[in-house]
């Protein structure tokens, strides 16, 4: 078999051995978790296509061509064209860049702030914890979409504002999870031990609680990526998110496209499919991550 | 129990107060002068603008403005909509039934779907029915509601030349028309909500099945079905009630797009109109109402939780 | 206008109208079915005059007084001859006649009192309005329909779907022309009609904003815009027309596609645009705020994306800002948003005098052109504007209006685009659908009836 010749070559070239080991490990992972791996591949393709839209996309996303308007999928325009004759496939790629960009940034912002606040609150306790809990109560009382449209509509539709507002919508749940993790980790005997030998609270939070609380936070962050994409899409769909002529998945299903959907129903299909596939992938990966981090919960959710 | 109730109630009131304060504060810091926007549209002259400013309390300091608003709100007066001059409280009462009906129908359909799925998934854990049920759940979780509604409208008209009857009728006025209007949005809404519910129910059942007394019951020779009926379902009722609490804000937020696409005159549309009209009296009231509804639901959930599981009462 | 049985004009500045005897208000508080009197009409004009509603102020500059010599006669005194007076009375330039009782306690905000073909029956906020037939309407046997239900539908695909499925009998606005064509194929016997919209969509630049204060730059913008592309995007290439300073339907309008002198300023010609920009010393522009709105439906934002792409071809890069209706009306629409170029509709009219005055008289309360003081110095334009307003002879007035269109095109104070056709569609069960031209084409609801199918 080919592997034996490789094995002999690997003595001379350790790098090849590493690559092979990685390959084998990867193969094992793929065989063990075929579905999450497939989904990761899909997500990778969507992400790469969107991120490299400048190089991958067949057309200019904003170039209009009224003569070719409202076509169904064909060999020239793989997903057809919109009312201005713009290539829908190209706009789905660029839309992905906008949607993913906003979601990833807002989740990063939201989760970092939520983790910081939640861990400190859980570790410190006392009045600060009470205050944080009351704020979380308030945040959790607003549906995410409602906060976001109320704020973006009144304060103007800019991408940076959208990111901040979606991050705020995610804060409540994020703080709750990280606080719970901090409390759970904080009650472990080794934290008590660290305290008795005089470790300061900041040190305990950074050195001990944070690393141990990271797995559940990673899981929630992955789930939040899906949530953020859905919020961004809904807000852009309502016209308060990413503004034309820039493409975003939500906007492509919004008012402008809706005048033409009965005439060209394909317009209603592609952007929704892109949102669905992306959110679906994030959720599957989130589940797989949870299984990996916490075997006790395997399959529990 | 009484102490627990009082404590929860006080917290709820405190939270609602804080929310009102924040919402009013945010509305106050709105960029641009709301009066100018209004005046331009209604062709008000300067004197009328001045009167409007007075009326809106924009001249008064924030504390005074908020105090007035709070006192009026406690008496059920949420002010008059800037655009229509109608009472916001009355408008909300007239519209809340649409949103609540959509929410309840959606939750019922979600429950009808998720209970069998959840049970099958838990009982057949790590076998193909489990994977199938979980896949369906994740699938439903990932569908944007407005997309599903769009597809239904577009392809309903294209393929079946069908669309829901127009002109919303309340269920107590014209039950048949109401159901003709509501079944589709409620069904689609329910499908999406079923995703979360299936997942939570499955987890809850698994937790219960893992308990020691269940092993004992198995050892006594009770069949799986008996086991499920006697012990597991009743015990997983608690987390299931919590789901409804967790879902409620999601439901209220999600109903906005269903109301828009299916032309249902609910609170969500009221909020969208209020936003489009820069009618911050409306936006303020709707936000406080929605937050209030969520807090109330959580309160009810917590209290029933306390009734169902004595341990919780004691520990808190 | 229909309220009057007859009129006479004793001299150039006096008009007398006789009100129909059988015109009565509906039988409700506070009027309880009393007659519509000359006093009501006079009151409504005076209220309009002092209440400051510039939306319908076309008559006001020429109006000296309105009074009621007796219960059925209304008398108007004008400061000078006014060619479009009769027309102004009959459309939105005139006030809505309302009984004085309604002003007490701001009742006019809460109550709707009608003497017209339909009476308000039920209003369900956010959902629909239901009108019922007025049995005492003065033009009996109209209206033919027993009731009229107007549904509010926020979603455009839902409107088209409701029409396809028969939930709606007719729609105007809301359904784009291409869908209408599709529907015609889909529903045998459905009727449809187009009329060019009376309003002019266009770019209204801040005339004090560099470099848009240079007429060459404004001309360059005009020939950089591919008007047929805008019409194509609206699915209306065959039926839509290009606007000048006047909308096509006015009858005084000259088609720039036919007339070479006028066409020079409107025909798509990017090379010429570049030359004009060169001559004005403009070598590319970046980040000019370009405001548009969804106030007239999403198609408006779509059109401005075509213009954005057109302007980019000649090196003018604009940042599109889509405003909600409220923001739009309080900024671009009344010309108070300086420092940007805005896309809006000018309040147009079947009457050229009103259409032009609304836009090109700088102190017009509704002119969408910011910093229009420049126009006040354009004596040639002002002279032509006054001359046509008082000219009674149709052919002479036409000539004056042609000169005016040409002159305004050369100055290009605003850059008009197109007049997209507005479609009126009706399912086969509905007959008698006809447009009346007021602010925009809308169907005359009293003339519709249902067929027995």
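Should a chain be cited, it is by its letter among A, B and C, assigned in written order, with residues numbered from 1 in that chain.
The working rule: contacts are C-beta pairs under 8 Å (C-beta built on N, C-alpha and C of every residue); 3 or more make two chains touch, one makes a residue touch a chain.
What you are looking at is a predicted structure, and each value in this text was computed from that prediction instead of being measured.
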TODO: Chain touch graph shape: choose line, ring, star, complete or other and state it.
DONE: complete
Task: Reference chain B; chain at largest CA-centroid distance - done: C
Task: Selected interface, A-C versus A-B, where C-beta contact pairs are more numerous - done: A-B
- [ ] Give the identifier of the chain nearest to the protein's overall CA centre, each chain being represented by its own CA mean.
- [x] B
Task: Between chain C and chain B, distance of the C-alpha-averaged centres to the nearest whole Å - done: 42
- [ ] Please compute the C-alpha centroid of chain A, do the same for chain B, then give the distance between them in whole Å.
- [x] 24
Task: Gap in Å, rounded to a whole number, between the CA centres of chain C and chain A - done: 47
TODO: At least two other chains touched by the same residue of chain C: list those residues.
DONE: 155, 157, 160-161, 164, 324
- [ ] Could you tell me which residues belong to chain A and also touch two or more other chains?
- [x] 153, 258, 261-262, 268
Open item on the list: Quick check: what residues of chain B touch more than one other chain, meaning two or more?
Closed with: 150, 154, 157-158, 260, 272, 276, 278
Task: chain C - residues contacting chain A, complex - done: 155-157, 160-161, 164, 176, 178-179, 182, 229, 232-233, 235, 294, 297-299, 301-302, 305-306, 308-309, 320-322, 324
TODO: Name, in rising order, each residue of chain A that touches chain C in their complex.
DONE: 62-64, 66-67, 69-70, 83-85, 153, 239, 243-245, 254-256, 258-263, 268
Task: Residues on chain C engaged by chain B in the complex (per definition of touch) - done: 52-55, 109-110, 124-128, 149, 151-155, 157-158, 160-162, 164-168, 186, 324-327, 329-331, 334, 336
TODO: Provide the residue numbers of chain B that touch chain C in the complex, in ascending order.
DONE: 36-37, 39-41, 43, 45, 84-86, 91, 94-95, 150, 153-154, 156-158, 161-168, 260-263, 265, 269-270, 272-273, 276-278
TODO: Provide the residue numbers of chain A that touch chain B in the complex, in ascending order.
DONE: 134-135, 137-138, 140-146, 149-151, 153-156, 226, 230, 233-234, 237-238, 240, 250, 253, 258, 261-262, 265, 268-269, 271-272, 275-277, 279-280, 283-284, 287, 299-301
